[in-house]
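Next up: some structures, all given as structure tokens.
Look at the two complexes coming up: subunit A is in both, with subunit B in one and subunit C in the other.
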Partner chain A sequence: MTFGAVKALDGVDLTIHAGECVGLVGHNGAGKSTIVNVINGSLTPHAGTVSYGGNAGQHGISVARANGIRCVFQELSLCPNLTVSENVRIMHGDLKGWNWRSRALALIKAQLKEIFPGHNIDCDSTIDDLSIAERQMVEIAISFAGIGQRPKLIILDEPTSSLDAGLAAQLMAYVRRFVAEGGSVLLISHILGEILSTSDRIVVMKDGRVVADRMAFEFNSRSLVEAMGSVVREREWQRSTAMKAGSPVLSMSPRRGHGLAFEAYRGEIVGLAGLGGHGQTEALLELYLSRNSNWWAARRRETAFVAGDRSLNGAFALWSILKNLSITSLGELSSRGMIDRGREDRLGEDWKKRIEIRTPDMQNRILSLSGGNQQKVLFARALATAAGIVLMDDPMRGVDVGTKQEVYEILRTEATSGRTFVWYSTEMDEIRLCDRVYVFREGAIVAELVGDDITEKHILAASFSEGKAA
Partner chain B sequence: MKLSSGTLRLIIPAVSLALLLAAVFYMQPRAMSYTGLNLLFNLAVPIALATVAQMLIMAVNDLDLSMGTFVSFCACVTATFLQASPAMGVLIFLGAIAAYAAMGMIIHVRELPSIVVTLGMSFFWGGLAVLMLPSPGGEAPGWVRWLMTSKPPFVPMAIVASVVIAAVTHFLIMRSSFGVLIRGVGGNFRSVERAGWSVIRIRAATYALAALFAVLSGIALVGLTTSADANIALRYTLLSIAGVILGGGEFVGGRVSPIGAVIGALTLALAGSFLSFMRISPDWQIGAQGAILIVVLALRLFLNRLERREKIQ
Partner chain C sequence: MNAPRLLLSKPWIWSFVATITVWIITVLFTGGASSLGLSQAALTFAAFSVIVGIGQMFVITLGPGNIDLSVPATMTLSGTLALKLMDVQDSMIVVGLLLSVLLGTVLGIGNYALIKLLRIPPIIATLSMSFIVQSTAIWANRGLRIKPPEVLASFTTSSLFGIPNVAIVALALSAIAWLLLEKSIYGRWISAIGQSTFAARMTGIPVDGTRLVTYMLCAVLASICGYLLASFSGGAALNMGAEYLLMSIAVVVIGGTAVAGGNSNIPGIWGASLFMFLVVSMLNTYGFGAGFRLILTGLIIIAVILMAGGRQSTR
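After this line comes the complex of A and B, so read on.
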């Protein structure tokens, strides 16, 4: 399987049996998404075969679906303008005839209840009105639902990227039940704990090849990361000691009239923690707008923003990698209103080297990159500006361990040189890297943790105190 | 009570139509009669049909700039072929619908911008219309004339026709599986594709259906005017787009509302009469019509913002 000059899959041999959960891990650009697209029929391999249930030969989306293959994609793929039940209708072609609405509604309600007991999603509302976590839940439920015959193989590509820990645990428990009943699941995730605890067998990919294919109990998180080819770094970060020096560069009064006020000082990495969707993104946007008018962009921007949802508000899909990278620094790159091409190219080459964007040519379209590499470009976009404050909205969603380590390193050096980072993350490992952490609950800041107090235990305690899980 | 975003989308067009109607009645109480209403809304029927056609195209994220010339072409066919030899007329219409379906396929397969393709096609339809009727003329077929001028008891034909159009298209677009697929293509065509549907077929069918409504629009127009002209409906391109937007539709994302589109068309037709009643000189009418459009759209933006704020809290 090749894309242009890049070989995405090279001699991959993968067998998935009934009644087993196969975990698939690998770096960004290791070929995971490609193999998913080959299995579900969107891509036809240039060489080699795909066979469903033993019969090879035919290939295509409808053949794959007829063989009970369903896919939950990394980027959410529902129709946002339709209601939940209408989306069920689209995903299930055999839901024909009169009264399909009520049947679709019954189907999705039952399935949601089975996977995520206690959810409160209104199945009559349009997808637009749901939060990102709810959308993901609906998509997962639609894929697991079956009329007449149940699906045989479900491919879950980063299914928990927008779910909080509780929902993720519910999903993983359901995956085990589904497998026990004879279904198969191909689970792709960057959360190694999930892979290790849920899969029967783990396949590790690297550069378009399978490098390891062993039973799950033979792995632990250390050996898994080693197999992927990146080195585990257990060491803690040297947190910057000169904290709260001078006056805050960024501050915000308590949100919703209660809780703590927000402050950030020069050279700090401030983390925003808490369960997903508890007002962290809104806080970031408010911080951004407090320094940059909504109507009239400031000439010299003090803040840069790294978006989390790159297909929605990050990448310019039709532009080249270079153009995507340089868009925020055009002011510095141009003289008398004209862009200096040479300087732009130099900027591109510089960042390509610094963060290792995997592409033969910066002029290629941004969509030719894998998801993690696209995110790296967005990172570089913010870091390439002269802005002293960088706001990050869960930017590492779906980025592999190796890339993350590289980015952490860059963040640390940038912070030492005086930049301030405000970082919302749903991953505990990232929050632990911060100098100071604000924990959000129900839209307000409920706790501030500093230094060694930043532990999973403390953060969870703050996110859940008052005994009410949201 | 919690309103769904779909209902909220319908409130603004309905309220603006009611306000406009109230203003017209206030200025000209005699309009509040069977004949008065019929006269006010008569010309809205073809506009409503053209708006529905445009709405279908917009539901799959495209835009049809040939709507006006295509309706003019259909009007010319109605006044000539359909009147002289009905079989030939029907055949021409079927051919035109097939041409629309083919246009949809080409736009999809070649990933062409629909605006460019339909703009090109508008010259094609316009040319055909001029070839058929170089000077205004022709005659409406008897049954069309009868249908458009019939007087049902209690409610004038224009209102009955609008309600029927709204009901039929609502069922077709909002309730049926086919409608879901059309809007699904507008919302996220990749997910429709991944679910195993043929998007090219859906697009072709959507374009064909839109052509069917445009044909009906041309027939209805001739039924009212009794004769046709190659430039009879040129305004319909922009009127139909404005009608869809007024009715709560959006240019992209498959967010359309058939009932809203019909209401939007009625509002546009009424706005013209309203301005005449106000004794605004025709020189200013187009500008004033634009002002009405802007006011309604501003209201909608305001309401959307309120809705979003509510969602956050």
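After this line comes the complex of A and C, so read on.
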């Protein structure tokens, strides 16, 4: 299969062979999603050609699908009001006629079992009732499933962004099996570890161009980051020394009646770890909602929240970037209930500089930003408040490495100046940045790890077995 | 961006374009004789639609499913009770107004209590509330038509520099509403809630408190409107609010407020209210029968909404 030069992407030449997994990396806005849309036919290149299996000429979504190209999007694209099996029907037009429901059900059940053995998703439930991780699993399974004819090329755009380490490993193992059987995969991810371990070949993009295209074994994570144009920063992470000073600023009694109690102290970064969907988000919501009245606004905001799923519970789509940023700080920007536009503009400019929101004008709509930049705005929204406690629900989904490092530094600076962060993350690298980590299992906290004890081994051990780790 | 394009990008501009067109057509037909009278009548009747429309707009901004169907009943009860309390005495005018405001507050709380405590969807909750309120009005009224106090009646029917007093009141209320919507924290809050209730909650907005205030605001505005309308028309009638049920919703929609919530505007309410009155008077002037008139009204409304909607989507 050949994809020729695409002018809009400024001279991108990409070839994906059968039986190959190609990793595609690059910063937010480097053109990764654009190239995906060209391949799957939703965008038509202004110059250059796209050919599937050697046949150039035809282009479009239906042509791409007919050639066995499937796409798993970063922003999940299932219909939330339909059941899992009904969503299968939408993607697979061949499932028609009498009794299509049970055939769809059988198909998706088999596929889910193949990719994620041991999952417990009820395929009769509607998408609404599933967690983000489960939705992503279903979407991946639907794309890999094939009736009669197997798909030839699967494009995975940030497939593990909401999956925990265990599920991500299962998926990567399946990708390898799929490729070994002759399929092709285009894997886009900001998690360099899985790109390096899973891909045969890695393509690095920067500003709409391919800057490197080499076999995976020629890269290591350092050279990969350098190829993307980021300065590699060594992990010179200084954990805060003043831990558990004074009384806790935040505490919660043991959840579900067993396990450990939750406590957070001033200036700490507390991590919530464990497998995805084991009650971390619920704990954060409970911490937040119990501190914010639903009936009247607090005079001083104590806690702020950074959402992980920006399209579902983060960004306000009708608003400008500035309004999205300032919504939590309105109390400090106004006098007698009236908002001071001047102060609001200054806040916007200030944060635009501090976290480098890439936009010509803060009055542009939030949706004009790329996904990673939207996430930055949500971060700034929480950090701009005077709140002493910031709760974060896996906020780094789909954010590139460079931005992540910027944000990590901001977090550390803010923590040093006395702010407390509670951070749920599905990425082990982020959990390791925390001062103290609570490991969740089945809704309760099963272990507490401090300082150098925070290692992948200890966290996994605690996630899978009852009792205290280390 | 240059001024004409900026203006064209506003969703409310179309209701004004339609209003001016209809006004010109009507005036041309009568040979220019009616222009002043028509304008004054339009302003007077539009004023009542504007007052209830603003309240309804705030509620609709709260997002899908939010609507207040108790507006007509609230108007009727407020007009009835206020006139009864004032009992033709000029000294009681302010007391009557206070009673209206109080009544609106109570009914707003009642609406939201039904919505929140009994978890009834707003459309059903406010509809059932309106049955209770309307029955109370019938019980209080008992078929008697009480006249408004003399000063109040002349105030609502006279003009200042050619502009009807009720229109001035409506303009003042619109200005306050505009400040609330565009400049205040409360305005940001209702817009945020309308876009995503859960996201609004997670940014620390007191969602229930804000919604309660909004339903109260809507009911208070309906009450004030009922008070003014009853005084204007020389007494409270049991069916006086009836036409304002659909009117309050129609002016919001024609005015360019997003029915899905989160996005609203005040100028559009004025354009739409004037338009709704002028369309009917234009068709009257041309001497169409009642049935044909209603069909034409419907078609014209659809045309205006299509125009405004088409502009928005190509933006």
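One rule holds in what follows: the second predicted complex is superposed on the first by the 453 of 470 C-alpha atoms of A that agree within 3 Å, B and C clash if a C-alpha of one lies under 4 Å from a C-alpha of the other, contacts with A are read in each partner's own complex, and residues count from 1 in each chain.
Criterion: a residue touches a chain if its C-beta (ideal position, glycine included) is under 8 Å from a C-beta of that chain, and two chains touch if they have at least 3 such contacts.
Worth saying up front: this structure is predicted, and the values here are computed from it rather than measured.
Bringing the complexes onto one copy of subunit A puts subunit B in a clash with subunit C.
Of the two partner chains, subunit C is the only one that A:Ile339 touches; subunit B does not reach it.
Of the two partner chains placed around the shared chain by superposition, neither subunit B nor subunit C is touched by A:Glu349.
In the superposition on chain A, A:Met91 contacts subunit B only, with no contact to subunit C. Once the two complexes are overlaid on the shared chain, A:Leu82 sits against subunit B while remaining clear of subunit C. Contacts of A:Arg381 after superposition on the shared chain: subunit C is touched, whereas subunit B is not. In the superposition on chain A, A:Gly314 contacts subunit C only, with no contact to subunit B. Residues of subunit A touching subunit B in their complex: 40, 42, 61-62, 65, 71, 73, 77-82, 86-87, 89-93, 96, 100-101, 124-126, 128-129, 282. Those residues of subunit B that touch subunit A in the complex are listed here as 4-6, 175, 177, 180-181, 183-184, 186-188, 190-197, 253-255, 311-312. Those residues of subunit C that touch subunit A in the complex are listed here as 179, 183-186, 188, 191-192, 195-196, 198-199, 201-209, 212, 258, 262-263.
Those residues of subunit A whose C-beta lies close enough to touch subunit C in the complex are 288-289, 292-298, 301, 303-305, 307, 312-319, 323, 327-328, 330-331, 334, 337-339, 381.
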